[in-house]
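Each of the next two complexes has chain A plus one other chain: chain B in the first, chain C in the second.
Let's look at the complex of A and B:
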């Protein structure tokens, strides 16, 4: 039985590591107004550089730390120079998307270099423990605490006492004014990214030693935890980030003590949503402030959408329908079936993120809701699959909209963070609600797709069914866009304040967009579940959410034809060229980076 | 609650808009420090003052974009103090924005149609709870009543745009981001008119316009006024204010320093001082009737 003292110490240690991440995120937000989703990947790189230093070069601890600081600091400078700076004048969500692309690239590179298997980082400090009262503190605990305090003090001294520290603070207050007064803002950004990344890298090594295990995939969670800490403390607030981190560490530690390890992240994300809804400016926010003007929450580059001539679209559809009869390749047909299902997801997200401007990063949760609803109704109650498909769509629409509704009052980056958190919560509920979802085992033996009482096993039949559904719903979406709702949603996206000033209630229309889009995603998830006959909590993960966003951006935000084209390009092409799975994620990351940088309006233009 | 207190400054017994003791502070700065303001139906009231006088902040308080720290606002018989912008709009108030806030990716026609959003009846049944779903269903199914409503509104959009002559009509299907700055301001006004507001708030409608365009805008506003439209105007071009206004309020440093007929305000020493600073008072007074012109030039 571990004592409360131990839980408190554990919480503070974890909090300290979160703080190393969150302080960096807060510094970067301060000068760049950017939430850096690649931050956790830098932490992974730090952990692996540390592993190489300890295991291969066999360096002593202080040298290990120095190597990590130097390497990740440099990485930060590279990220700033090539990933962020070129996007200085782009809409604010653009650099955020770029950092997501970067995180895919970094994580995947680490995975390709070091294999996805977990590795142990040898601890370089003695394993003594000091007994205090009912618990104990280890040397590593003290070391992590010491490094945290030292880093915070050094950072404080740097910001308050040095010339560049002043420049950083001036840039954070007003970038343009700082530039006008002769501050080299680029240099400030470089310094901040270097410091932030070095702190993140140190966090990676320490956590590797603390848990004695590192994996290439641990970066995503680290990013999320850093962001949660930062939001709790108030985005961009450095001391707030430290307090928020310690608070998060304690909440998680006590939560785990009460309910068990699998609830750790649930506490973190529920805390995130609670803070976003109740105190979106963080616990230490000053008085209420006017929303900034003009709004830049959207990622919609002004462009004339390409007008696809109707005969061309009809011809493409005819080819798509005739394809199974022309080509005898089950593999190709299966791949394209997948592409149609991703097109449904792309249509859903292009409506929510493109047309309505709510850049959702948790869209895979809608697939999961649809998939689980349909799979469970069909397997447990034996309902016909055509009906459960429909119910899956409605469930995703209803439950999804209800879950996201607290985020309707948020804008810009906060929408993305909140939807990401809500998506994680859905996955964690599926994992932990074993009596209904069968927990980590997942749902196996899901009945096959069926239509009019006939089970569909034939690859071609499933292909036609998927295509017909997708085409039908795409037409429905076109009809929506040409109605008054089309202009209303786009008005909300372009300027929500002006829209409200003309009587457009944001809750109502954001809700409609999520419901309509949720239905599409739910159908797609349900279809997938019956097609594969097995799903679990990892079937619809965050990578799929990001892939959906890449599809929407590639096609052109809000563009119906674009979403379909984007799905065929991103799902079909890598499959046809048989790109290995780990390179495929790398490819998605690079595609996202290049798109945001060079063609933000996508292939067919934004609508 | 204050509506019953008689106010000798008013001509009409029931003002359409009545704001009392509005205060808004930003940290240590008092942007609006106790402003009273009222406007009767059919009136054109101008608010002038140097930059930073609190004009736009006062506008934001009235239109619901910002909440006053103190004071009350009644509009059309309803207390709208601290109400959100959609509620204020529902009560019958439409506004334009100082820096122009058109929907950049929407066409001119769609921008104006958004202005008529609240007038959509057939497609927005006022049912509780299921109203939004009914709206979605009607938008997708489009029964004849919905089609007719949309067609009628599109016809009306052309009429509204025609008050700007050939400025906007040829560009009706172009996205707003492709318009000139002046044209975007016109779209904003058209959008506000499409809502058929009881009170129209215009925040510097001629900012960034040249002389010809300003003269044209003056004609348009005069025309709206002649049609009985109640208008609250913020404007820097005093010339225009003098010609259009029934009444003028002068703000300086968050406070009302003068109120009255255009000519009286124009020659008010406090106003001249606010615009020219202390050094200018003697000179402006000595210049006599010409002082108005010097004010305009400097403003």
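Let's look at the complex of A and C:
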């Protein structure tokens, strides 16, 4: 019995820590309707500013906190002014990409300034401990809880009682109406970003002291858990975010107690999906509340796509085919092979996210399903690789559609959050289902690609094979988009209520989009597995899902040519920036921000 | 025409001159033969950005120190040894591209890296087909060298190391009921399996095994679960940062049993991050700065002189690897890629910080044998354990 008490205490302690981030995320989402992927990076900046204050300036604890609040609050204002505000009139997907670019820039800047080594943050509060159950809690636990609850209460009061609070809530409800009533919407956003970022920064330094370790890369995982907590509590609901965090902590703790440590995150993401399916507005949403996403889809705003003349495309394809004969550079050919494989992934996502409006953040899972299916069939059963490639594609289509089907009733950002969760669940199942997937040891010695009984070892042959597959599937997708099916999918995206009143079965068409997309991605994953010869649960990680979305947005949502161009750009840029050594990912992030800033509708425009 | 190559050469020459000058001053006019001439290049594929960037940075320190020593004492038959480090973030799609780049670059005689298994092993087929030696510094995955006869590693095989750890924990420290916490990665999992098998063979009971993800920071729930299994010792298959976190939280959850860990936790950072909680942690390290062997003392003093801090395990792997290649290249009759591979296969008893003397098993393409120093953290530093039982 005491153990259950201890597990409860432990769940509350870690939930306490999640709350520090969830509150800020909830505030920003509530007002800007934006999943702020840069929030975890602000938390990292806060931790390092705190480290400088404590270790270099040797400030006392209250001064440390003040410095962190001032610095990260200011950072929030800068992010809002230069990263988010210029995109106010852009499609709502553009700011999401901007926050991803910002997180690259912030994380890399911290890493360059402070080196990637983990650092210890000296504890500045007395190390008194209170025994409770079989374990103990410290002053810092209470302080973190206190700061979380105080911040939430203060925010709640601010939102309910002050004039600026009303303005914030009015902006959250309807930005245009608020502006029409004379609310300075920009000022509201500035306040929100400053408060949320300051809270995130304080979270960073407190968590740094709590664990006595900070690293420049700790932000992503923190953002992930913050998002889950926020959704559980109800997006945009500040007190709800705290309860959601505590609940998440408890579920994880009990999950570990029941099944063991390696199932911990599985419990977290299953909780996320359960909440999204059963109570998509969070635990505390009242029934009267407006649907949190607009009734008609402005999520992916149509724009005038760039019309590529057919001769130009044909010439580009001819150059791509002839390239290995013209230039003897295995490096270039390999990079382009990677680009074609990511173009397949981009095609898949641009169909699902761009054409049918289901913005998926878990697309790496489809690669993993395709890759594992093909690798295991070819190495365990000795089936020919061309066949297993196809089966990999169908497996990703089938399993992927089935997994994502509970999310069909969701809209807008909720689809992204749900697919993010489903992607994590797939990776964790691969890690834990050892009898089939060999767990962390992975699948080694995967047979090479082969065609008509000939093994493809040659870099150029692999290149042509990848290009041919990509070109073929791109043509298929073009054909699809100009058919009845393509028009229907766009109708679902643009206005699902109107589409439904015309008698379109939404779930079926969403299912069809995921099936086609899954097939493309599955083929790409299977091809990759055979090319690499080794895969494990880390090969297809969340970063790849983020990259896939970046490709689709950058190219232009729903745009076939755009997905290919986006893949070439995003696989090529880090290689081009190679001369910049440690600075290259920073440059990549800046390039991404500039592209979003000046082409928010994507390079070739939304179709 | 000024090309990148001539620039590199002139830069190298200038550097060589400058360091030759200082070496002469330091040696007080003693014979210090500085390498000049056309450099010989190793290619390095590793993480300088991304989540594993810290390990790439540690490699670099080890490499640079070894190169200083090799090049200030005559280099490779008068030619300086250099490396070209390409950042891959330990991301497979970048390691395959870098592999193509290295394969095509005729100056490169052998390749080192990458860091993680998925990243390293994705590139192996390319190196194998091109006949360029891929040498894994940290690749303990049991299948790493199996891609072909150009894939080699001096990373200690866990099948060799873990029985030594088990003997230390069970026979010497006296653990009878062991709870194992391990990183749920290919390395952690392989190590755990070997440790558990060896510990059971020595008569100990394994009362709990818990695998955790590399990003994990909260271990309290895990430790309560472990506490309920009533162990008399914890064994960690961890890196130093997670080991420090686990040690701190062990005491917070009211678990008081002693902790032992794999050699991978050996780093001054363990003590910095773990604070008081690091006191009393046992580890059997292959590398220990107070080891009196001359190669170790040379490494430790020159590392401290260059970087102003103590080296850790990853620094020592990187240093050892470049020292090994210095020897291989000096003995090689020519600098053909195949010759380098053949020389590596035939080389015997290279002085090594990790192994004492390193030789390769040409069947497994790994280094034979493993040795351990039995250490304990005491008074804020690693010390040789005096053998006194503590429970």
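What we mean here is this: the second predicted complex is superposed on the first by the 520 of 607 C-alpha atoms of A that agree within 3 Å, B and C clash if a C-alpha of one lies under 4 Å from a C-alpha of the other, contacts with A are read in each partner's own complex, and residues count from 1 in each chain.
Definition applied: contacts are C-beta pairs under 8 Å (C-beta built on N, C-alpha and C of every residue); 3 or more make two chains touch, one makes a residue touch a chain.
All figures in this text were calculated on a predicted structure; none of them were measured in a lab.
If you put the two complexes together on chain A, you find that chain B and chain C both fit without a clash.
In the superposition on chain A, A:454 makes contact with neither chain B nor chain C. Shared-chain residue A:118: touches chain C; no touch with chain B. Greater residue coverage of chain A by touch, when chain B is weighed against chain C, goes to C.
Shared-chain residue A:128: touches no atom of chain B or chain C. Centred on chain A, the angle reaching out to chain B and chain C in the chain A superposition, using CA centres, is 170 degrees in steps of 10. In the superposition on chain A, A:433 makes contact with neither chain B nor chain C. Look at A:252: by the touch rule set out above, it reaches chain C but stays clear of chain B. When the two structures are aligned on their common chain, the gap between the nearest CA atoms of chain B and chain C comes to 33 Å. When the two complexes are superposed on chain A, none of the residues of chain A touches both chain B and chain C. If you check the complex, the residues on chain C that touch chain A are 48-51, 53-54, 56-57, 85-87, 89, 91-94, 96-101, 103-104, 116-118, 121-122, 124-126, 129, 141-143, 146-147, 181, 184-186, 188-190, 210-213, 215-222, 224-225, 227-228, 241, 244-245, 248, 252-254, 269, 272-275. Partner chain A is touched in their complex by these residues of chain B: 26-27, 60, 63-66, 84-86, 88-90, 94-95, 97, 99, 101-106, 110, 113-115, 117-118, 120, 123, 132-133, 135-136, 139-140, 142, 150, 175, 177, 191, 195. Considering their complex, residues 3, 6-7, 10-11, 13-14, 17, 108, 111, 115-118, 120, 129, 131, 134-138, 211-213, 215-218, 221, 252-253, 256-257, 260-262, 264-265, 329-331, 333-335, 338, 342, 431, 439-442, 444-445, 448, 457, 459, 528, 531-536, 538-539, 543, 571, 574-575, 578, 581-582, 584-585 of chain A touch chain C. Of all residues in chain A, only 287, 290, 293-294, 300, 302, 304, 476, 479-480, 483-485, 487-488, 490-491, 493-495, 497-505, 508, 511-512, 515-516, 606-607 touch chain B in the complex they form.
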